[in-house]
Amino acid sequence: MRQFLPTRSDEPMYWLMFGAGGMVASMVLPAITVILIAAGLTSGDLQHGVLNLGQVASIFSNWFLSLVVFGIVFLLSFYALHRMHHSSHDFGIHSKLTWYIAYGSAAAISFISLGLQLLMYVKFF
Amino acid sequence: MSEVKSFRKPYNPPVNKMTWWLENSFYTKYMIREGTAVLALFAVLEIVFGIFMLALCDIGPIPTLSGIAPYAWYLQSFLGNPVIIALNVIVLVSQLYHAITWFALMPPFVRIFMNKNSTELLPRWIITASLYAAFAGATVVILGVAFLTV
Amino acid sequence: MEATQKTMKVTVLRYRPEQDKEPWEQTFDVPYHKDTSVLEALFYIKDNFEPSLSFRWSCRMAVCGSCGMMVNGVPHLACKTFLRDYEGKDMKIEPLANFPIERDLVVDLSDLIEKIERIKPYIIPDAKNANMPLNKNFKQTPMQMEAYLQFAQCINCGCCYAACPQYKLNPKFIGPAALTLLYRYNTDNRDAGAKLRAPFLNSEEGAWGCTFVGYCSEVCPKHVDPSSAIQLGKKMSATDYVFNMIKPEH
Amino acid sequence: MEKYQADVAIVGAGGTGLRAAIAVAQADPKLKVALISKVYPMRSHTVAAEGGAAGVVRDDDSYQKHFEDTVAGGDWLCEQDVVEKFVRQAPQELYQLEHWGCPWSRKPDGNVNVRRFGGMKVPRTWFAADKSGFHMLHTLYQTSVQFPSIHRFDEHFVLDLLEEDGECRGVVCYDLQNGVFRQINAKAVFLATGGAGRCYLFNTNGGIVTGDGMALAYRHGVPLRDMEFVQYHPTGLLGCGLLMTEGCRGEGGVLYNKDGYRYLQDYGLGPETPVGKPQNKYMELGPRDRLSQAFWNESKKGRTIKYPLGEAVHLDLTHLGEKYLHERLPLICELAMTYSGVDPVKAPVPVRPVVHYTMGGIETDGNTATRMPGLYAGGECASVGIHGANRLGSNSLVETIVFGKIGGDAMVERAHNVKDFDSAELTRQAEAAEKRALSLFDVKGTESMSKIRHEMGQSMEDGVGIYREEESMQKTIDVLKNLQKRIVNVGLTDRGRVFNTEWMNLIELGYTLDVAQCMVHSAINRKESRGSHQRLDGPDGAYKQRDDLNFLKHSLAFKSTDGADEPRIDYSGVKITTFQPAKRVYGAEAEAAEKARKAAQEAK
């Protein structure tokens, strides 16, 4: 009797990113959300409100801080879409399509963010 | 083995693949936990949208009102929109729920001994407690910087 | 320790494959006292009302793993679950979820058994130790033993499979108990067979089929904590993956 | 009927059956092994054993000491040549299990640890916390799955043996899941079906321990040996009878009566040893029969503790402390908490004697062969001759693996010397067995199976308990005779074929009833007191003493050939090699006797 061995899954790669992203989500996302809310509440004051132009400019003109923002966007989008991809299984949807959509979107979001950040870095400063 | 004849007629209870998670509160909590990812994605999109609007701006040495119009719109009309604010409050709650469940999930990954000569494992509460401490630290630092530099 | 007698309405799911199209419910009034287990309630029903009711049992001390069943929708060992804990409620006893029902409370466990046997659950020694003489033991310190001992406590009752939604949705998933056993042997310092078990651990049907629902650990009557073993298994598999990327095997 | 042609058929997948199957598979992978069990292997009752398994490993121990403890513990009714072989093979088999992955508890240096056990001079009991049987069984089961030549028939209930020309050539069984019958032909058949504790009402045994193999052999003319020796374990949990292992006392647990007095010192087991400092063969570490008898006497004196569920004494472990208890006796703590609501860390546990083990069984020689060629037996269902009139705790787990191995090897030899066969006669017998089983469905009677089971259990407790008398035993004989008549009138409510447990339980009850009859008939004929068989009667109480003149012999229960519905009792000699019968003494008395013996030796 020959036993057919199952093939190795590539899941570890995504899982490692998912793990890092999940950790980021739990550690910093609540704080970031508070900032977004505060920005919304203080948005009348473009100069002294939260996330005012000066603040964001100083983030994106600093390559290190900009990289941190990119890292957060990258990990969070992989984390969130990975989880949603698995949730599709939980609703009985087993299709390669969700795989493409999920990781494709995550990659797209990350690339867009990276591109825009580079653009800003070059254009403004 | 070949069955000559069998009296078996096993019954396979049907599985509803869409609604199974409503059958039991443990499952429901699990699905909510997984569902928080959708709101995390929403937050990411908000951020990237902000970056996009900022990139459209023209901030020369002296920013003009028209130059920063896209970002101003983002701040005032988007983030300032009461619907978005309400949504962000939901995002906050969901991410706190995510954080709590995430910290609860971490200890099973750690199986280390207290010290070289003991058979006692590092107790789980230490791992959970240190995660909460890190969370508190990170939150204080981020919010501190954000609010003190305005 | 008074033997005060109360009664409880106990509903049992019945299914007789040769007569019934699908399962049906039957309700009994069962007297009970402080120490009456669900298993004893079933004895009472079998002895007094329905001799034809079938269920598995043997040890009645929560160690043989025969008597897993659903009590009010939650997987339990009948012999380790007591009516006193359901006081004031009705009780519903059903066969273990996620397995085909063979008859009454008896389910077809062959899938679970096959999976336990598939993952090579035995010591595979390295060449050096293959022929150790029979007057000598492997050295294993209490700490080395502690590393896996909890995961060796599984009684193969199947409760965790009845609890796991991933197994419900995809019966190919190797599942909590078998993956725990795999991890148990991989972490035993007498064993050198991790390579041979890796294909099962590393596959979609293996550790990666688990989304860490964690209900398996919640219901496990022996506190084996299969979800922990699987997550540790994922760590093991991920490490193996990274090493394989750096230095491929073929 | 489906037919399977095996080389070796093993009935029972407990410790014994699994070990035998592995032995065959290792010796010759070409031999086809059919491993048949009415439950999945890991459900077998070996799983419930707690305390551990005896094997000499310590420097201050020797085969001789294990031998002497065993023979003296068995009140000299042991086959001494078999015991000699047994003690030598025990450590080997225990190491073998260690190599297969059994998590035997360790010393800090990484070597296996041993604990004290009742009736053993030196600590020599290997243990895996208090789940020794569980770990042994799972290790054996898991190890067995790597051998493709072992073909398991799980959840197959054996109905009969097939025999031709006086040789055993196979079995016929009922496949519970599929509801069909299977004929399994084999050159050698091994019975490893475990004990028969279910003859009694109050016991430590699982629901499957119904004496099936014993009854099968008995019905085919093979005698059951020493069936009167039924072991009461002194510490069963009050109410359910679950076992509080002897390891509790080995670790330092003590027994108190209602006055908080350690009563064992009144029964030749003293002097009192300090609490927390157990000493082998003293007080709580005396043999099981003595301890159970002491309880009986305390009860007569009104010094036991009365609970709503019955009388008990207290097993006190509180002085051992939480950490030690949870490490050494985790299962005990869990069982006491769950089934009795007592936390052993905080309060003493109410316990009482409970039926635990059948010393007797299918008569075999030292190589597990019965008198019927082709039929072998091992484990608790067999009487290979090592337990005599009383088994020492931790000798039987190791018996399962030692004689499983020996039996496996013996069958390999037979399988190599016998030609493959099948015959019309075997098929005819298998079909007859099927017909007999199916005919139970046609009974229209109204007799209740649970009543019969209950009455049997109660009358066995009353008649053949810790102490026995002619009169009460006779009563039990009459009750059982009557039950044999009633059992044929049990009507089944359900004719379904898949997992019909009602039907299977009825056949099991028939087996158990046969075995119970052998027990009481063997008992009434043994007019002496020895080991676990203690009588209170006889002219001037003559049967209260051991009587080597008339009864230093095994009793054999044969199925009557003249159609009588009761067994015929006969006797056979006991093999004595080096250890002459002496008075069986424990405590200080033992020390004195030992000194006297040494002195006598030196004088020579």
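Order of writing sets the chain letters: A, B, C and D. Residues in each chain are counted from 1.
As a convention for this text, contacts are C-beta pairs under 8 Å (C-beta built on N, C-alpha and C of every residue); 3 or more make two chains touch, one makes a residue touch a chain.
Model, not experiment: these values are computed from the prediction.
Chemist: Give the chain pair, either A-B or B-D, that is connected by more C-beta contacts.
Modeler: A-B
Chemist: So which chain ends up closest to the centre of the protein, judged by Cα positions averaged per chain?
Modeler: Smallest centre-to-centre distance to the global C-alpha mean: chain C.
Chemist: Between chain B and chain D, tell me the centre distance in angstrom, where each centre is the average of that chain's C-alpha atoms.
Modeler: About 58 Å, centre to centre.
Chemist: I'd like to verify one number: the distance from the centre of chain A to the centre of chain B, where each centre is the average of its C-alpha atoms, in whole angstrom.
Modeler: 11
Chemist: Measuring centre to centre with CA averages, how many angstrom lie between chain A and chain C?
Modeler: Inter-chain centre distance comes to 38 Å.
Chemist: So, what's the distance in Å between the C-alpha centres of chain D and chain C?
Modeler: Going by mean C-alpha positions, chain C sits 28 Å from chain D.
Chemist: For chain C, jot down the residues that touch at least 2 other chains.
Modeler: Answer for chain C, listing residues that touch two or more other chains: 17-18, 102, 108, 142, 145, 165, 169, 211.
Chemist: Could you list the positions in chain D whose residues touch two or more of the other chains?
Modeler: 177, 496-498
Chemist: Give the residues of chain A touching no fewer than two other chains, as numbers and ranges.
Modeler: 86, 90, 92
Chemist: Between which chains does touch occur?
Modeler: Touching chain pairs, listed by label, come out as A-B, A-C, B-C, B-D, C-D.
Chemist: Can you name the residues of chain B that touch chain A in the complex?
Modeler: Of all residues in chain B, those touching chain A are 17-18, 21, 31, 34-35, 37-38, 40-41, 43-48, 50-52, 54-55, 59, 63, 68, 71-72, 75-76, 79-81, 84-85, 88-89, 91-92, 95-96, 98-99, 102-103, 134-135, 138-139, 142-143, 146-147, 149-150.
Chemist: Taking the complex as given, what residues does chain B use to touch chain C?
Modeler: Touch list, chain B to chain C: 7-13, 15, 17, 20-21, 23-24, 26-27, 30, 34, 105, 108-109, 111, 113, 117-119, 121.
Chemist: For the complex, give me every residue of chain C touching chain B.
Modeler: 15, 17-18, 22-23, 73-74, 97, 100-102, 108, 142-143, 145-147, 165, 168-169, 211-215, 217-218, 225, 227-228, 231-232, 235
Chemist: What residues of chain C sit close enough to touch chain D in their complex?
Modeler: 1-3, 16-19, 34-35, 46-48, 50-52, 54-66, 80, 102-104, 106, 108-109, 113, 116-117, 120-123, 125, 132, 134-142, 144-145, 148-149, 152-153, 155-156, 181, 185, 188, 190-191
Chemist: Going by the contact rule at the top, pick out the chain A residues touching chain B in the complex.
Modeler: Result: residues 22-23, 25-41, 43-44, 46, 48-53, 55-58, 60, 69, 72-73, 76-77, 79-84, 86-87, 90-92, 109, 112-113, 116-117, 119-120, 123-124 of chain A touch chain B.
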